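Just passing along the structure, written as structure tokens.
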Amino acid sequence: MSGYFSTIKPVSYDPDAAGLAFRHYNPDEIVLGKRMEEHLRFAVAYWHSFGWEGGDPFGGRTFERPWFPGDTMELAEARADAAFDFFRILGVPYFCFHDHDVRPEGASLIESRERLERIADVFEAKMAAGGPKLLWGTANLFSNRRYMSGAATNPDPDVFAYSAATVRGVLEVTHRLGGENYVLWGGREGYETLLNTDMGQELEHMGRFLSLVVEHKHKIGFKGTILIEPKPQEPTKHQYDYDAATVYGFLRRFGLENEVKVNIEQGHAILAGHSFEHELALAGALGILGSIDMNRNDYQSGWDTDQFPNNVPETALAYYEVLKAGGFTSGGTNFDAKVRRQSLDAEDLVAAHVGAMDVCARGLKAAAKMLEDGGLEAARRERYAGWQRPEAQAMLGKGATLASIADDAEARGLDPQPVSGRQEILENLVNRYV
Amino acid sequence: MSGYFSTIKPVSYDPDAAGLAFRHYNPDEIVLGKRMEEHLRFAVAYWHSFGWEGGDPFGGRTFERPWFPGDTMELAEARADAAFDFFRILGVPYFCFHDHDVRPEGASLIESRERLERIADVFEAKMAAGGPKLLWGTANLFSNRRYMSGAATNPDPDVFAYSAATVRGVLEVTHRLGGENYVLWGGREGYETLLNTDMGQELEHMGRFLSLVVEHKHKIGFKGTILIEPKPQEPTKHQYDYDAATVYGFLRRFGLENEVKVNIEQGHAILAGHSFEHELALAGALGILGSIDMNRNDYQSGWDTDQFPNNVPETALAYYEVLKAGGFTSGGTNFDAKVRRQSLDAEDLVAAHVGAMDVCARGLKAAAKMLEDGGLEAARRERYAGWQRPEAQAMLGKGATLASIADDAEARGLDPQPVSGRQEILENLVNRYV
Amino acid sequence: MSGYFSTIKPVSYDPDAAGLAFRHYNPDEIVLGKRMEEHLRFAVAYWHSFGWEGGDPFGGRTFERPWFPGDTMELAEARADAAFDFFRILGVPYFCFHDHDVRPEGASLIESRERLERIADVFEAKMAAGGPKLLWGTANLFSNRRYMSGAATNPDPDVFAYSAATVRGVLEVTHRLGGENYVLWGGREGYETLLNTDMGQELEHMGRFLSLVVEHKHKIGFKGTILIEPKPQEPTKHQYDYDAATVYGFLRRFGLENEVKVNIEQGHAILAGHSFEHELALAGALGILGSIDMNRNDYQSGWDTDQFPNNVPETALAYYEVLKAGGFTSGGTNFDAKVRRQSLDAEDLVAAHVGAMDVCARGLKAAAKMLEDGGLEAARRERYAGWQRPEAQAMLGKGATLASIADDAEARGLDPQPVSGRQEILENLVNRYV
Amino acid sequence: MSGYFSTIKPVSYDPDAAGLAFRHYNPDEIVLGKRMEEHLRFAVAYWHSFGWEGGDPFGGRTFERPWFPGDTMELAEARADAAFDFFRILGVPYFCFHDHDVRPEGASLIESRERLERIADVFEAKMAAGGPKLLWGTANLFSNRRYMSGAATNPDPDVFAYSAATVRGVLEVTHRLGGENYVLWGGREGYETLLNTDMGQELEHMGRFLSLVVEHKHKIGFKGTILIEPKPQEPTKHQYDYDAATVYGFLRRFGLENEVKVNIEQGHAILAGHSFEHELALAGALGILGSIDMNRNDYQSGWDTDQFPNNVPETALAYYEVLKAGGFTSGGTNFDAKVRRQSLDAEDLVAAHVGAMDVCARGLKAAAKMLEDGGLEAARRERYAGWQRPEAQAMLGKGATLASIADDAEARGLDPQPVSGRQEILENLVNRYV
């Protein structure tokens, strides 16, 4: 027990509580025939909540956590104690980690891996003792200065090799801990200036790297899903995994579209100029929706703000797309979010997660009701009903040609009249649920 | 002869002219072993220069052109007279058109097509009489209210059919006029709200439509290139052809990546959050760079401003990518740009093109010198030189696995040290040429 | 009676209705001691709902309204019939208009004014017969091509004079109709390029113009408030009334800060890089909050989307600022919003307003509860409590100098420790009300 | 001598040099009757070039400078040695500093001030020995965690006092060193969330603070200019000194518009949605243009990228506005720019400045030629010529009223016709000089 959260009691569902409680997240409540916990599959992100110190580009650490003052294995264990206390307080079923936030890097690749294994022992014991499961692990291939020009896409092949060794280690630890996914975020896979960049070559290397990881996953028998997390920019001027569509094209190019899925982050979607639900719907349509990083980006700040979600109408639309795509299988809802650097206290960290879990629960329940009610889907079906007609289907089938369709259209003297899209009426309908 | 430009003489190359002249664009000047004209392959866009009336969302027509007051075939011919006078004044080798800006739509598909054919007769005669060639034609599938919810992606299959008939007609006219490309811009292929949209189905229809067009192209023997023009949004909230990477994934999905290329517009690149040179370099790397729509978007206006290019350092970087990708084959430099709505006079229209052609010529010449000098490419090669080593190549080849690479990295005790990316030095180098 | 809305019955408050009804807007419900209607003071915008035809930069009219096909006084009256039917259906207490959307412009200034007077007669009769009151009138000084380079800031003094005559006419009609405010939106007061612009001179002219209007208001005894509506850009590259802070500086410069207030539009706030509540809070702090144009801008579309509001958490924060500033006096909630161009039907127009009114009512009620509950304000007071200490107040008062404060700080060995800002806890608190 | 730059020789003007040299910046060249050095008044920013370690939000230090490993007075002196070597290599006439980057903070306010005084001794000696002069000094009131919620606007009055003491110390050191200006950048004067912020009170405190500083300046006889540096956001969600117009309104409100000017940064202008030249022209028109922070922000990265300027057409437009406003008096051109974090070498730091100085010199020379040529100004005068007519002037003068102007306009039957704004022709004209 770390003591850091000792004054905070486990949070439970109590809609009428005066103090800290879940007012909407009730893990056992049945939604669309499944427990809410199994729908949402919440995970806490180790790095933001236990690694981030409150710095920003104009100032350093603001948080005073007992595990910050040094970079030793002892403090790493103290951090793990605090983290698992925190998981217990929230009652979340999952957590996620980067190698970099769970232990200090060693002096060599081997020492780094061994340290990771030692922390994994600690985690394993805590998980066995009732701790949460591992939603996913990942290797941080961007913080150390060796990665300043990329990992798999580094002009220096030694960095490619170093990255391969690192991912091997973290993937295997993720496997050992029963991780349900493994995530690759290409933090510095991209460029600062085209003037010194061979984009064609870098993309080839990135494809090669991903293929190696997929191969290795199968070799070691890891059954989890490999996930790529799109982001358009920051830290680099341009990141290769710009958005879901870009990742899809990349996977297609390297024949990996059935092997790899995407982990969609709200904030990254926003930075790419998309709504969160767009990215979810598109990934769903392309069959590559894997998991979500739930947070929110300030729409008017052009950097990754990683705030906790707090807008129910928006989370409702997001979960609506998740549910329409069949819900999560190996994926879940990871809070890739950090409290503001002015939110100094342990209580802030807990309350931020509790509030966010409630916001997600409200979103999920609203989405489920919209689906059950069926009004939205009925309107959508009606809008496309014409395509059910045999002559419409024929245009999509073999035998039809541009000329045959055109001849027919001319012969029929087609003059199609527009029909209302009813956007405001549908928006009103959504507002009855949120 | 239209008379509209009667006071303006043909513009010629004269670096020391006091008045209107090309100061940099010299069609016959040899650049990298080829005439400048053949490098740049300039085209005037019929719609902006002869169709656009100067309106914006807060005000209507400001231009008073003799061919505007009505929508008759006679005025369409007057417009063609003016346009070809204009082409002659500039001495451009190409023009581009939409069906919509060259003739009034008819009361039926058949009448619309017949009118297009009649205007094509006019064009054909003028082209034969020394007018420019056709860089590309395209069908406007977005202005008429029938397309308000999309063309190929419309929920109404009749609009799909109507669009097919329209494209068939314009593709065939483009073929007849010797067009070197045919462009598809999905102006309303996208959505306003996901609430009423079935994105999966719409993408399927869009893929089907494109396949039909490609098939027809081959059937009629059209040798030009089919081009898609990416744009992220506007008029729709989200357009399906978001950017080059998105189009690439789409082409891959429908097996069309060897059939279709992209027409990259500067302004659309900017709206998608990319630099123009990024889109060009990426399309080049993916083998789908076809042609460019040269203009500039105000970086701080979130709509399509379609201004004439005027920043030489930027055009130099753009043509550098074009040259590195091998230069244009069927593509060219189309000015998809319009004079500001306050630029009322015939002289403004001419000067805008002349200035833009000079800016492009300066960009091209700077790019060519940078290539000839070789400093940039030498620096780039040096940066990636490590990848030429056999052990580096081995990581990319058969036989290597994540484990073999990782084992080797650990065994060698790899600790790669970063090397300067020298961005500012390279930027300074570029500034010696622009 | 226009017949256009003949199938739609007046909308009433019925929280359990199956069909079209107000589920939250109950005009007579008492909120913070006042009827909800008197808090919200809803107005319908004549131009969007009865003037806008559904065009966008890539396509023309989509709406088929019986009053569109021509530009005659008869059709203007038909439009008025429809508009007042619509006001009655919604039961709104106010409407707003531009001269331009209520009658066709005449061949001369005098004819234009006379036509406006004639339509004002029509309005007057309808208002007397139970129609809504006039929240504000305004002159459209941007659509006609004469204004292409500005109105008060036009390089041509005749346009300044023309604009003065126009505003005089509309201000007097607004006065006659009992308008409670008069709005100036500087649609083209700004510039396209600094190259042809004398910003200093234009700002002087703008200040002069506003002073003339204020003077005239007093002369004719108009008791309403003169309002400026900030917008950062569009249609111009840069608009002079960028945001509330800019307008404040402008008013100060011309000594008009006690004469003129601002009409804050959500969408314009967003385009300026601000949240709506920021602009409201700032205007409140500066004492210039007048009225609001309620709509919403797509956060990711860089043009003015003018959508109906649909996000309750956001409207709650907006009304919270309005209530904190004391609520509306002469101002109100004008829906400067338009249905999407695909929303073709009369029913869409009605439903859009009904949904928006409900969203505002929910926002107002949540804001009122937050104020009554007092938790937010208590937390805020506590955060600043230190400033109540006498030694803190002394720093703000006469006698304190930088040196005296600095000497004292050094002497006391000050080392202030940060205190949590509790952002997430406050966000959670807000979420208990929305 | 620090040794860090020992391999790099002083850079001199040599247009034909093969290696590192000024190709355009020739300090003694006469431009518009004044030496180029006196026009540009270049300054190096101590913090970016000697304080910044190459970190970004996703990674830490990349630079290995001999003065980084600790935070001692000895290393601070080593840093000063390197900095003054660097100034000598470049031959710049000025430098700028924050207290925070020149010495480690002490354990108390008094110790911090004493350390600053000791470093000032070091500077003084080096300046006397031929080092550059001080363009401006400033206090860093944002990095330390005590400032996380603001300095003058902190909810804790002790932070206000602490800030006052700090500014007193740095202002006095700036005065002692002959600084020509003193800058205030309100790095955290703004807010993260309105929920915990009393904007009205914070603005009052900020006004009070500035008044205290101005008073103190006069008391100690500091003849330099007090400058505020606008920035719209980052690090805070919203900064109070948003842009030049906002600062102007703030100064007016507190009666300081004749006491304080602005230091305009290109990157901050961009983040506020303005062009650099807009901010310069506006500040010029309002009489508050003081100095510039020259850098460039990536137009498509929504955070402060602080890159070295490299686009000559843009710097030409900036210096055109500076020259039109009369040129710098106490202000100058400070490079608030940092090399990219991948630009590791001493040579990168030197080359970045050399390239930037050349870009500025080219910009200045082009701007001067445009002014000498006079074409732009002649076109501008012509555009506004109508305002020279007596009847136009009369509208601006006493006696004219809205009614008199309107009556006259109606009587004359005014129907003003628009005249071309000639934007493209003017843009072409500019391109003849850049």
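Labels for the chains are A, B, C and D, by order of writing; each one numbers its residues from 1.
Basically, a residue touches a chain if its C-beta (ideal position, glycine included) is under 8 Å from a C-beta of that chain, and two chains touch if they have at least 3 such contacts.
Chain labels with UniProt names: A, B, C, D = Xylose isomerase.
Fair warning: this is a prediction, and the values are worked out from it, not measured in the lab.
Because chain A (Xylose isomerase) and chain B (Xylose isomerase) carry the same sequence, their contact can be compared by residue number, and over half of the numbers here are used by both. Counting C-beta pairs in contact across B-C and across A-C gives the higher total for A-C.
Centre-to-centre spacing of chain A (Xylose isomerase) and chain B (Xylose isomerase) amounts to 35 Å, using the average Cα coordinate of each chain.
Averaging Cα coordinates per chain places chain A (Xylose isomerase) and chain C (Xylose isomerase) 39 Å apart. For chain D (Xylose isomerase), the set of residues that touch two or more other chains comprises 62, 145, 148-149, 192-193, 233, 273-275, 300, 340, 342, 418-419, 421-423, 427, 430.
Chain A (Xylose isomerase) meets chain C (Xylose isomerase) in the complex at residues 23, 62, 270, 273-275, 299-300, 308, 310-314, 339-340, 342-345, 347-348, 351-352, 354-355, 358-359, 418-425, 427-428, 430-432, 434. Against chain A (Xylose isomerase), in their complex, chain D (Xylose isomerase) makes its touches with residues 54, 56-62, 142-145, 147-149, 187-188, 192-193, 233-235, 237, 271, 298, 300-304, 340-342. Of all the residues in chain D (Xylose isomerase), the ones that touch chain C (Xylose isomerase) in their complex are 108-110, 113, 145-146, 148-149, 154-162, 164-165, 167-169, 192-201, 203-205, 208, 212-213, 215-216, 219, 232-233, 238, 242-243, 245-246, 248-250, 252-253, 272-275, 277-278, 281-282, 284-286, 317, 321, 376, 379-380, 383-384, 386-387, 389, 391-392, 395-396, 400-403, 405-410, 413-419, 421-423, 426-427, 430.
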